[in-house]
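Look for subunit A in each of the two complexes below; its partner is subunit B in the first and subunit C in the second.
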Partner chain A sequence: MEVDETVESLGVRNFLAARIQEINSLSNQISTSGIPASKGLAFQHVPKHMRRRAVSHNPKRLPKRLQGIHRHQVEKSSGSSVIKKAKKPSRRHRRRPSNLTEEYNRRQREHKWLETHIWHAKRFHILNKWGYRIPKEPTAKGYRAGYRAASQFCAMRDISYYSCFELEGNFQLISSKISTSFAPTEVNPLSLSSEMYKSGKREGTFHFYRSGSYPFGYVGRVRFYWKMDQSSLFLWVHPAQKDEILNEICAEFELMSKQNLVFRRPEKDKDEPMDTASDETEISEEIPKDYDDAHIDRKLLPKKLCHRPKWINYSTNVILTDLEGVFNRFRLYGPLATQTLKEVFQVLSPAKLEKDISNNDNINKQFWWLNYYQDKQEVLTKQCELWEKLKSFSQIPCHSVIPLTLNDPRISIPNKTDPVVKKKAKPVVESFDDVGPLLDQLQSEAVDYPILNEKTRTKAIDERMSQEEFNKRQSQLLIPGSKLNLGVEENQVPIILIHRPNTASTRFKNGGWDIVLPAGWAMPIWIALVYRCVRVLGLRESETFESESGSSVHSNEDGFLPPDSLSGEKEADGRLSDLQINYFKYPPAKRPNFIKLGCPFPFKIDWRSLLKFGSAKNTVDIDSFYIMRNPFFLEALRNTLSSSNKNTIFNQDPSNPEHLLIEICLTIVGKGSIGPGAIVCIPHETDIVQMNNKVDEVNDNLEEPVGDDASAHKKREDLRNTRDRMKSFMQKKRKKLRKKNCNGQPIDLTPFSSDKLQVINSAINSLWLPDSEQILKNMSRTPIGAIVFGRETYSIAKCSGIGYCTFNGLKEWFNACAKCDWNPRKLILVRDCRNSLVYRFAKLEICV
Partner chain B sequence: MVRLRHRYIIAEVQMEEEWKSGNVTRQNALMEAINKSIRSLHGIQGVALSKAGLYAKYINPSTKICFIRMRRTAYEIVTSSLPFVTRLDGQLMSFKTIYTGATIRHCNIFLQKYHRRELETKYGSLKSDLQRKLFEAELANMAPLSVKIS
Partner chain C sequence: MRTTTLEFTMSLAQQPQEQEKLVNLEKQGKNKPSPKGGKGCGSGGVVVDKKKYTVKKRPPPKSVPQRPNDIYISDRSNFKAQISKCQKLFESGDFSEIFLHGIGSSIPRAVNVALELKTFYQGTIDYSVNTSTIQLIDDLIPLDDTTPPSQQSRKVSCVDIRVFRTVKIP
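After this line comes the complex of A and B, so read on.
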């Protein structure tokens, strides 16, 4: 039996082998489309009756199947001079509006554009950050001008890259869950459900921590306001922290993703407590099932305004919607902001509404404001009154959220720029009218702010007259340049004004207004503001204003993300790689030697090693650290440090003191400047004495002795020698190989390529970088912290910076100061390690 | 001059033993056999009409496949006389026409598909595990599919 089998299997194998060989050879023949390369060029395989002379310059004369091969062969041999490339469309063709929008949409695939992108692109340097193209700084350097505008006049910034989320559901459920999991009360004394916020009249911020990880696991700062009827919460989140926060919220509320929920199924899926049933369904039917926003003027609008991604929990009826791109947000600074807004914004008046209603002969096309305000005329009267009486933004209670409905701002744009500054001298107002109760009434009566209501918002966006149409109307005016009167068709824009109080009153007055507008309306309002000479700022201003304010918590900007959050870590890593690459681009003689300068953190501040150094016995390995944000603790700490009270906060340690960082603001006393990466150190007694007795400004400075680079220097030299020898060796080998191989066959040079030298190069480079732990140990003064951001601060005319200190370090310093009176001014040392060896004296302040 | 048009026939030579090459080359033997058959059926005129382009383009003795090429005008003559070929250089055999094509390229494409189908049926008819294992091992040598199998 077996023998038979083997014989059979042999036959099978032979059968197989033969067939497979045949198949292989056939595949070969077929794949080369019948013309093997060695058999000649493509045009030689054309049948006799199709051969043409013109093929030499016109490859279209060949049969289609040969054109590809022919093209390929010709390119290889003689280059592309023969074959004409498709002519690039003319500039005019490329700039036709439809082609332009296509081009813009293509460019937005990787990084989203803000609505005001094109305006910014002509005037600003633009960065790619967090998935957006964000204007960084004007092309004309204007640090001082920007500061001047923001502190004396009016300045603004487009912060529409912030993400907005809407969390719908039961008020109690949402606020309790968020308060317990994400916003621990030590850090956020005012919870979401406090009286101040729950009526929707004010905007609040809270520090967002990952669920259950307090004090670690900081994510970021989140701004929020409730809807008037408490049915949903709007969260404004920095784009770097968006993913984290989204995941946390989904995990906590057990939400499942539901992409593209069809808008028209309100009964089953959503649970709106204030369901005015007949009204809702009517309006919802006007927006068709497959609402495609293609007919809206679409250059820079997000793809889907209606069908935003949602996350739903069907049992508790909690819905989280990602409203990215639906809102735009502008931030205005400066004392003239209120006046500017009064110029730019004309509020819808009840008289106009009545006129519009009577003039509206087209009953089918009900504009959104006619519908909405038909029975809410008192709201409009209150709005007008409020707008009349508003003279200064200090009249308004802090953080108020003011709903307004404006006339189309495009109508009142002046023909030439009309700066608010140049207006008649600011009116001397003896007393401001009491606007508070008026505002209160307005907010309560408005009940459902139109911009927060999805249906009215979408209608407002939809009904916007396109810029083209508007321009056409303007050109049809009898007297060019006069004010356009559109009557009923004049669009009304629903917006929200959010008040920002001055938080750092001693330094930079960073108060102002935030405007939240619906999508599509950004450009009209932006241009209107620009024509009132509001200075436009970029992303770099968020950093500088943070340092001007002297505290990152209070400044309201998210200039630099705090290092204990994931987003901050990522940012720092990005900066590290950029700086490092730039560092090694220069030759060694043209760049600072960080080992000699004794700089432990040349590119990125490693807080972990700083904490490890500061911990008791220097042995605790720090895995995660946190920054103290408890305002009471910080207040107490600040009081301790300012007074010389000896029974202090330092007597009771907070939890995990070895993982704790405290935010500080340093102001340099005397000469010197600091930048990011500067190290904060504790002075010795002799230092203060010496400072007081200093005679010579230049030479009597306290200096760190020059670091010892000798061993690393030697190693580098050795490595360089090896590398050079290797390099010449490789070169010679390659030359030999090439010479040997003169018959034109391809040579394999890889064993002798200079890629092998990369290993040595990176070894040399790493020898230029300092060993942070060693340096921290060997520093002549004990390091306790580092500066994250520092520069010349215009508001106090000194150099100052914001950074973090270890808690243990601060304790040590305070104890040293308290022991005796040698340091009455409580000075501390700071050294900008990246540049110099000199220690400067600075005043330390705790940022509360 | 007008283009000459051809027909290609893929034929499988069915014989019991292997196709040994005898005193004459396989190609010559094949042509002799076919011409003999044409002569017996269509006479000298038939031979004259068909001889010009008649040619065995490709012979594979291990798989016993051959491509026969002829002028289009001679197509009917040749195909009608193919079934009557019984002996090839002394061996008993018969032709099994698998395909007729106008270009060699199409014949190649078809043949690849045909072989693959054959392999599938062969695999199905294998009786023991050992054989199947051997089969699969051999398949690894096969080139990947370059043609769409419908």
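After this line comes the complex of A and C, so read on.
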């Protein structure tokens, strides 16, 4: 062949570049984005024999090579839902245990779950409060059933949302600092270092005030008990007050925080670096630094049980640890509580311990109780004896802290629910043995309660046999339903029982037991109790029980946070916004008109304006106020009011009387009901006289005259008309603009948007709200206080409520009563302002 | 400890006198200033330093669970309500006898309930009375730091009245 001599040389680079370009452009043409819209859409390039009608909604009908382009084009044009999103994994896949755990952990990021959450979620309405998901009330309405259970049988509540702190350090230092700064002696006659509490045998409560602010600056109630060897103090704090108390304690003891991770994030965030290795070894020598609790089967909470957040003062060696989630706490009510506990809890006996030790070859390797009780067998004997002799709640000294080690409660769960109340009754009232000295001995000998010791507690949590394993063992039993015998492997649970005496002897007996258990053991013990037909209560019961017992100053529950604390103020604000939003959702004709009703505080009680009204010159601006908690003062006040002794406590004023509120309990005499926001007023002489004339009836005609709403009504009407006119004007303008704008260009409607009407709407809404100061002044009877919580009280079969009165107001009322004898029963008026104009008579009691 | 002092049955002849006596007792009981919180008020002769301690009474022991025909009489409840409770138990037909228990200041009330039942049922019912003593323990809560907590025990008299039907009802 003849060589073509036109090409003399071949520039390889140039050639290659050109060819690459050609190839690229060719392949681009052919590839996904290659077909321009003008050439037709992807589905039009399908060969005849593959064309299908269904492609519009089912892109899989296209050949694979065109599916991508088709998808792209459809998205571009309309972004429609032809494109099926990634398929949600099947229910089965979602419920696989590992996926489930991840899902639960994800849901807990914002609000923490209690260990018993899943049990509650199936049966309760659950609230988000204080960073926790807390069961509020059962889905089956059971106010009366709950009350019946708590007063005659047995009821319980999971209160594990309470935070626990451990304050380690020198006993004298801690107790003196706390007593001087936070627990003033007027309010807390017994300090932390008193004989009663310092041995750790009893649990105490003190009212926590901010350092140096007494009588103002109330924070909340703190429960505490010392460790037996006085090396550390355990504080139980309500979650709403936790931050405040933490800050105060850190400031007082000059503690600095140590960088510690609180929760392990499921996405495996990088751990924040620990402080220098030397600090680590000082504090937790027994638990290795890289201890990872991932292997522990804990479905719900991936807690870090060791290396909790700490705050340390290196010079004084004071360490504050946040033990949130490490303990669980259950509260039991009812006269059958002791009997139920005896059924549920089998106490570890010395005989069993010996058997276990002999069965177990390598003692040091396993099982915390074998090590711990090896040389402490007397403790177990005492424990068994105490448990056998304990038959009634009234045998135990009040507030006692009882350490117990129990056999695994799962083993003795009956196959069917086995209520304690159905057991064979004993015919005779026995006089029970005095168990006090025996308990004392037990507490002294068990020097170190195992649950309070970090090492044993962590081991106990570690060694818990998982529910799965336990079920497997049970299924392997020869006779199904018989008792499982695990021998050495039967877990032993360290717990504390805290005795809670009745606070009110005449009303609802709210005493009972508190159980403190380690993490991970909540569900086994919970189920064991549920199988004994213990009724489960929710958060709303804390409020109702507090009002049933008639006092919140020295009560067991923290039902309503008091208004002089920050947490109480916050709660009230939350309720205010909720109530207000609901109020304005109703159409105007359905809303109760608070101006006509003469209601000064429709949603939130403004104590400051009430105090201002009650102050001497009615001009003092009240910035902060406080509630009297001094038990001696309250007792004296109560005696003054109940007797007709004219030598009264009102002769000597307490400090800052114009900022002072006193807690009262009102019981309605005769007809009527009260709710939150009811106003307490001083009756006129004529009211009492009229009432006395009608022997047993109560005067129904005692009414507040209807308030004058005329001017506000007119203003609202005017504003409404303005708003309606504006609205239609705006609508027309917008319509015009849209009509004008045919090009398809974006139009700016903002000058005519209906957001402008918000200003008018809020003006109208504010005209619905009453002016509290005006109303207080114009009330026909002098208001001296308000009710925070009121409802039908089952324990006294009357309507009663708890609230606060101003000190000056009480003084005025008492002086009025003392002057003349027209009010021998010492009645006072109360009006449920949010609902009615009628004043009702009530009996007033000082809450002590 | 339970010390049984006397066991006696009220004969019909003695009844009116006894009734008067007991009603008087009740009146006395009403005039007495009621003890602060609690049924059993016997002091047992123990002197408690009121400046050092507050006395917190523990609830008296009740057997748990109770039989339905065990009724604990309280001074504070409505008298009529207590009687109607007993009547309901009889009329339900399940029980031919009920036991009334009263401690301390509620003894007159218990006795009056029994008498009232007898007059209501007009001779078809009779009662037998047991008196005994029960030991109650109270907590002494210290008022200052240096005093340790303690407890006091006191003996309180209590009465157990067995009210039973004398006429068999088919």
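Everything below uses one rule, namely that the second predicted complex is superposed on the first by the 724 of 848 C-alpha atoms of A that agree within 3 Å, B and C clash if a C-alpha of one lies under 4 Å from a C-alpha of the other, contacts with A are read in each partner's own complex, and residues count from 1 in each chain.
The definition used in the following text is that a contact is a pair of C-beta atoms (placed from the backbone, for glycine too) under 8 Å apart; a residue touches a chain by one contact, two chains touch by 3 or more.
Not measured: the values here are computed from a predicted model.
J.: In this superposition, which partner touches a larger number of subunit A residues, subunit B or subunit C?
T.: Counting residues of subunit A touched by each partner, the higher count goes to C.
J.: Based on the superposed arrangement, let me know which partner A:V420 touches: subunit B (first), subunit C (second), both, or neither?
T.: After superposition on chain A, A:V420 lies in contact with subunit C alone.
J.: Name the contact category of A:N360: first (subunit B only), second (subunit C only), both, or neither.
T.: Neither subunit B nor subunit C is touched by A:N360.
J.: Just to be sure I read the superposition right, which of the two partners does A:N313 touch: subunit B = first, subunit C = second, or both, or neither?
T.: In the superposed model, A:N313 contacts neither subunit B nor subunit C.
J.: Based on the superposed arrangement, let me know which partner A:P47 touches: subunit B (first), subunit C (second), both, or neither?
T.: First partner only.
J.: Taking the superposition as given, does A:T381 touch the first partner, subunit B, the second, subunit C, both, or neither?
T.: neither
J.: Quick one: is A:S194 in contact with subunit B, with subunit C, with both, or with neither? Answer first, second, both or neither.
T.: second
J.: With both complexes superposed on chain A, which partner does A:V12 reach: first (subunit B), second (subunit C), both or neither?
T.: first
J.: With touch defined as at the start, can you tell me which subunit A residues reach subunit B in the complex?
T.: 5, 8-9, 12-24, 26-31, 34, 47-49
J.: Which residues of subunit B touch subunit A once you look at their complex with the stated criterion?
T.: Residue positions touching the partner: 1-3, 60, 62-63, 65, 104-105, 108-109, 111-112, 115-116, 118-119, 122, 126-128, 130-131, 134-135, 138-139, 141-144, 146-147.
J.: Enumerate the contact residues on subunit A facing subunit C in the complex.
T.: Against subunit C, the touching part of subunit A is residues 189-191, 193-196, 202, 335-336, 338-339, 391-395, 397-398, 420-423, 425-432, 434, 436, 501-502, 505-506, 509, 511.
J.: Would you mind writing out the residues of subunit C in touch with subunit A in their complex?
T.: Within the complex, subunit C touches subunit A at residues 1-2, 37-38, 56-67, 70, 76, 101, 134-135, 137, 139, 141-149, 151, 153, 158, 160.
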